[in-house]
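For reference, chains read A, B, C and D in written order, and residue numbers begin at 1 within each chain.
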Amino acid sequence: MRPLKRIGVLTGGGDCPGLSALVLGIARPAVSHFGATVIGILGGFEGLVEGKMRELPAKEVMGSAISGGAMLGTSDKGDPFHFPIQTQQGIDILDCSEDAVRNCRDWNLDALIAIGGDGTMHIVDKFTDLGLNLIGVPKTIDNDLAGTDASFGHDSAVRIATDAIDRIQTTESVHYTVLVVEVMGRYAGWIALGAGLAGGADAILIPEIPFKWEKVCEHVVRRGKQGSRSSVICVSEGARPAGGEIVEKENEVGSSDPSPRGGIGDLVGRRIAEMTGLDTRVTVLGQLQRGGDPTAFDRILANRFGAKAVELASQEQSGHMVSLRGTEVVAVPVREATQKIRTVPLDSQLVFAARAVGTCFGE
Amino acid sequence: MRPLKRIGVLTGGGDCPGLSALVLGIARPAVSHFGATVIGILGGFEGLVEGKMRELPAKEVMGSAISGGAMLGTSDKGDPFHFPIQTQQGIDILDCSEDAVRNCRDWNLDALIAIGGDGTMHIVDKFTDLGLNLIGVPKTIDNDLAGTDASFGHDSAVRIATDAIDRIQTTESVHYTVLVVEVMGRYAGWIALGAGLAGGADAILIPEIPFKWEKVCEHVVRRGKQGSRSSVICVSEGARPAGGEIVEKENEVGSSDPSPRGGIGDLVGRRIAEMTGLDTRVTVLGQLQRGGDPTAFDRILANRFGAKAVELASQEQSGHMVSLRGTEVVAVPVREATQKIRTVPLDSQLVFAARAVGTCFGE
Amino acid sequence: MRPLKRIGVLTGGGDCPGLSALVLGIARPAVSHFGATVIGILGGFEGLVEGKMRELPAKEVMGSAISGGAMLGTSDKGDPFHFPIQTQQGIDILDCSEDAVRNCRDWNLDALIAIGGDGTMHIVDKFTDLGLNLIGVPKTIDNDLAGTDASFGHDSAVRIATDAIDRIQTTESVHYTVLVVEVMGRYAGWIALGAGLAGGADAILIPEIPFKWEKVCEHVVRRGKQGSRSSVICVSEGARPAGGEIVEKENEVGSSDPSPRGGIGDLVGRRIAEMTGLDTRVTVLGQLQRGGDPTAFDRILANRFGAKAVELASQEQSGHMVSLRGTEVVAVPVREATQKIRTVPLDSQLVFAARAVGTCFGE
Amino acid sequence: MRPLKRIGVLTGGGDCPGLSALVLGIARPAVSHFGATVIGILGGFEGLVEGKMRELPAKEVMGSAISGGAMLGTSDKGDPFHFPIQTQQGIDILDCSEDAVRNCRDWNLDALIAIGGDGTMHIVDKFTDLGLNLIGVPKTIDNDLAGTDASFGHDSAVRIATDAIDRIQTTESVHYTVLVVEVMGRYAGWIALGAGLAGGADAILIPEIPFKWEKVCEHVVRRGKQGSRSSVICVSEGARPAGGEIVEKENEVGSSDPSPRGGIGDLVGRRIAEMTGLDTRVTVLGQLQRGGDPTAFDRILANRFGAKAVELASQEQSGHMVSLRGTEVVAVPVREATQKIRTVPLDSQLVFAARAVGTCFGE
């Protein structure tokens, strides 16, 4: 077992509710169990390449669960192996992994724990070959990371989406209304499926099941005729109509995420209004799902993932990530997480449960 | 004082958080203080014209504060004095006020309490001349009703918008991001101003203060340069740029509210991205603000408004509405509520407080 | 496969957040998948013996996720095999199981689904021998039911307890304060452990680990000396000091739950104040944990448990209960749930995670 | 108008939800409008006497509404005019006001803003005679401060108490249960009255109306006979039975707040159980009400109070406190706040509204 004197922590990938709770979940056992010093890498792998780090004082790290932890900042851009460098000629993409390794040495890091999704785990995998003691912790709002049953942040995002469906449903319009809620999920429909089930949505449109406009329209029209006050359609941002129809995307100037206009939620709202003449309303949760306090479930997971990650670091199990399997947190090779995306299986019990209550998937 | 045996209750105008709590706030004192029977008119004034009513059993009415009350349904269409009637030639607009009066007589209503905004109060006013004992209770999410310091539902909507700003702000992107949140408020900016202050938004765009694109862009660019992680812009749906520029509105087929596309929130997000090259994200709360449990403030108000409205009904103060003045609930003629919209005064203390903390209004 | 025309549902055991969501989770697939009629048994097995039942109309059952479902009422008293009957001589305990069976026949129930904890599963087991088609669904706030990884209601209770710890911690007293929070858990410490981890409690006292007063006092005194503003002690209602010391219980007149006075939370607060001279405050959550909306996690579980239970009923798998195993909902014999209580294993990862952050268990 | 270069801020009295939001509400306009430096006095007037202060960097002060502000710490002990000094003979009470004045000079404070209740305002008043430029901002959870219609923190506490009543009510026991909730309010019943109305409590016991055991018992027994599932009794911690009966208080060793045992909530629960034989459950919210995020209402108030307080400081209106009068924030002499406690008038509209719905006050 390696004595852990100095442990680095970085967060890669997109934002996520309660990232600082997860940093806390790692830092606390590092400090109280190993007496280690925790070094925060600022801004993900970008910060590792550029040497932007700072020691997190024990006092800061051991603070309360809500105000504690640290805002390290995250970035979904900085792959050290393909790193954008500003030159006089423009931007060059260079391999800067040696800078990252050198910075780990300069800061005397005995281990580095990287929190993130598949992109992050891919980088973890490559660094392992370079001799770093690098452990992964899975974090994806969308829950689309293979190799673990659950990842940090997902339960919190489902809660926020469920809250939204709850609130939207308690309206008293005398006219039948179609209420569209767009939630996150580019490649996997876990959030839409979970929140749709929890909130009792009448239709759930997910990337895994291309939908037909006619089916969705028939469903909401029939519900209106049967006397419902409203129908709720919960749509993943990555849901798409069957048949290759393309969602228009405009106005991408200067924005890495062109969702403001022409998102699928807007499109579903407009198209249903056109095809059925019904009153439709659209809510786009967007960034909202990335913020807020984490749920108790996610915070407990943060503690367990953190304790396990520090244990793995002390055992020099480089190239592994912590993973929830059933009720146990175990170690799996990071490669399990990088070779496919964990989408919703069409025969999953969640889909079965949704079908059992008459939910329309648009097929 | 008139003995109150049978009291009708109807809700007009748009949806609002906790309408059933307000029905409960009226029904409880009617039942327990006067031993009255409460008759719910279903679907607002439309239901009054068409005789859609039902007795609300005491047991239903006296239920708990959260599950009690009644979903009467509301409608923003049915003015009995200009009522749309489907004929073979199409839709005729007729004066059906006599049908409404006759239905009140047929159901032996000693009083009718109408919950709603300025449209509703306008109708209350006209019916008073026809001899109905008709009392108003103010309810506007936007808080734009004159004649009262506060109306039911507004505090709840501000809370939801504030929650959204809170959640959006707790993100950890390493890149500076502009976060746009579109909230309700067609003619008055109370929700944007309240939630913007409470949540600490960096810019607040309201209908009362036409904004300049340059000013807003300068503000967010400067904040980015000063090292902020993000800037939050809270926009009323009725906010408009100065100089008569028109917000495109498309795709109105079959929808009474064409907000899905081309809403001001989307436009602000796109335009700022174009003009500054910054990363922008847009959240459109929409219908979300009309649902959810009412706050304690609104529920207390519901009880006080209800108790006062029943008292006024027993005193046959027809043509009056209940009103909060300072800390007291009083009666004011409904005409006070119908002659102007209560917009945000530019010299109000709220605007002063916002300016004092450096909030940009885009001027 | 048995055609399911009429399915009875009853809830046994204590109250639980969102029981009606679970009834909804059963009733929806029964109606939409099998076209069955759902019969609610009112007041648990007591209602089954006494024939208190009513058909739940499809409209009521298929309502929205938040207002839908049904309040059937629960009872922790009515074991039909040992049923208290009021006679002239007093109360006799009789075997009334035949009444229950007859009522099932009279109401033409093809299956009966019983929601509850170990007491309920024990009764399910006995009825199976009498030829009823009886399926169990696990529900315990305390999560102490064997045979399943998770039961309905627990996640919601942990959330409420975590909320309480969060709120209590955000105080600003200049004096160091010891904050005691008593949560549920008579025989198993899952709630205290989960909420304590999630909220970052400094000491967690659970029934599985008898605590020593000296250890707890030392811990909080040391934290005070190290400059902490406060220490939070999260106590299961069933936690006990080591060495057989008995918690005084007084004043049981007329109360099935004498917790008002002399609960362990109060005792911990008083004893620490006496032994250390520190300022202590006590919060007793009590019944609070049994109410409120269920979390998204519990609501999804309700849908999955419900869909599986109806499937098992159609397969006449009498004597089985639905169970979460890892990520799958499966069927297990109810006997697995009745032969032991699922307490916290001392070597569990949760305990390890808590120790890793320096949490005191009082040993 | 005095140029404000350096403004001190301190908080006196007990804890309160969102104190740091109020510090932020003062500091932001001070920084952005006057370019002032804000000095936080740590631990209330005790810190002022002992010179415990620190500059709050603009960056810290101008942070987001949720993470911003500052935890200055509060204390309800340190009256500089009667200050406890540890000597070899024990504790002497001395006038240390000169130390406080000298510390203000040493730190070059142009103004000092003191946030607190009546004790704090009393001290503000006395210091004014000594030549300090001292402005008050009202903050009481109990809302019992005279001179203002509302004080900071009260709306947040009412929300927490209302949440508790909501949750407690959604239980499904088949036996009729009496649910007692003890909330804050030593001398004034505003929280119990507000939360009781908002949550629909069936009985509200407040300090202003001494209650009779018989009346309360009759009320809950009658409700049980009429078929209610439960009755909720909301009790102020300062509520007392009529006739001078004394609530036993034991075990005060080392505790400034001996409420753990023998609080009025416990007593009400036990006594009702004894007198009626009904099942009773007690929840004691305690410290819970002092924590958590402030409501939007309180945060807006924080901004308005802060902006006004800084304005008053710049006008050297020493001896005044900011005050909400109707919809306006005005200045009133602090003496208005110190000469009486603002209790609930028995003829107030809130009491009328509660009586109108059949709420029992125990008389």
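Note that in this section contacts are C-beta pairs under 8 Å (C-beta built on N, C-alpha and C of every residue); 3 or more make two chains touch, one makes a residue touch a chain.
Because the structure is predicted, anything quoted here is derived from the model rather than measured.
Steps from chain A to chain D, minimised over paths through touching chains, total 2.
Rounded to whole angstrom units, the spacing between the C-alpha centres of chain C and chain D is 35. Measuring from the averaged C-alpha position of chain B to that of chain C gives a distance of 40 Å. If you average the CA atoms of chain B and of chain D, the two centres end up 31 Å from each other. Each of the following residues of chain D touches two or more other chains: 67, 166, 169-170, 293. If you sketch which chains touch which, the chains form one closed loop in which each chain touches exactly two neighbours.
Of all the residues in chain C, the ones that touch chain D in their complex are 11, 14-17, 19-20, 42-44, 46-47, 71-75, 160, 164, 166-175, 177, 179, 229, 251, 253-257, 259-261, 266, 269-270, 273-274, 276-288, 290-293.
Taken in their complex, chain B has these residues touching chain D: 24, 28-29, 32-33, 64-68, 149, 155, 158-159, 162, 165-166, 169-170, 194-195, 197-200, 293, 295-297, 299-300, 303-304, 306-308, 310, 325-329, 349-350, 352-354, 356-358.
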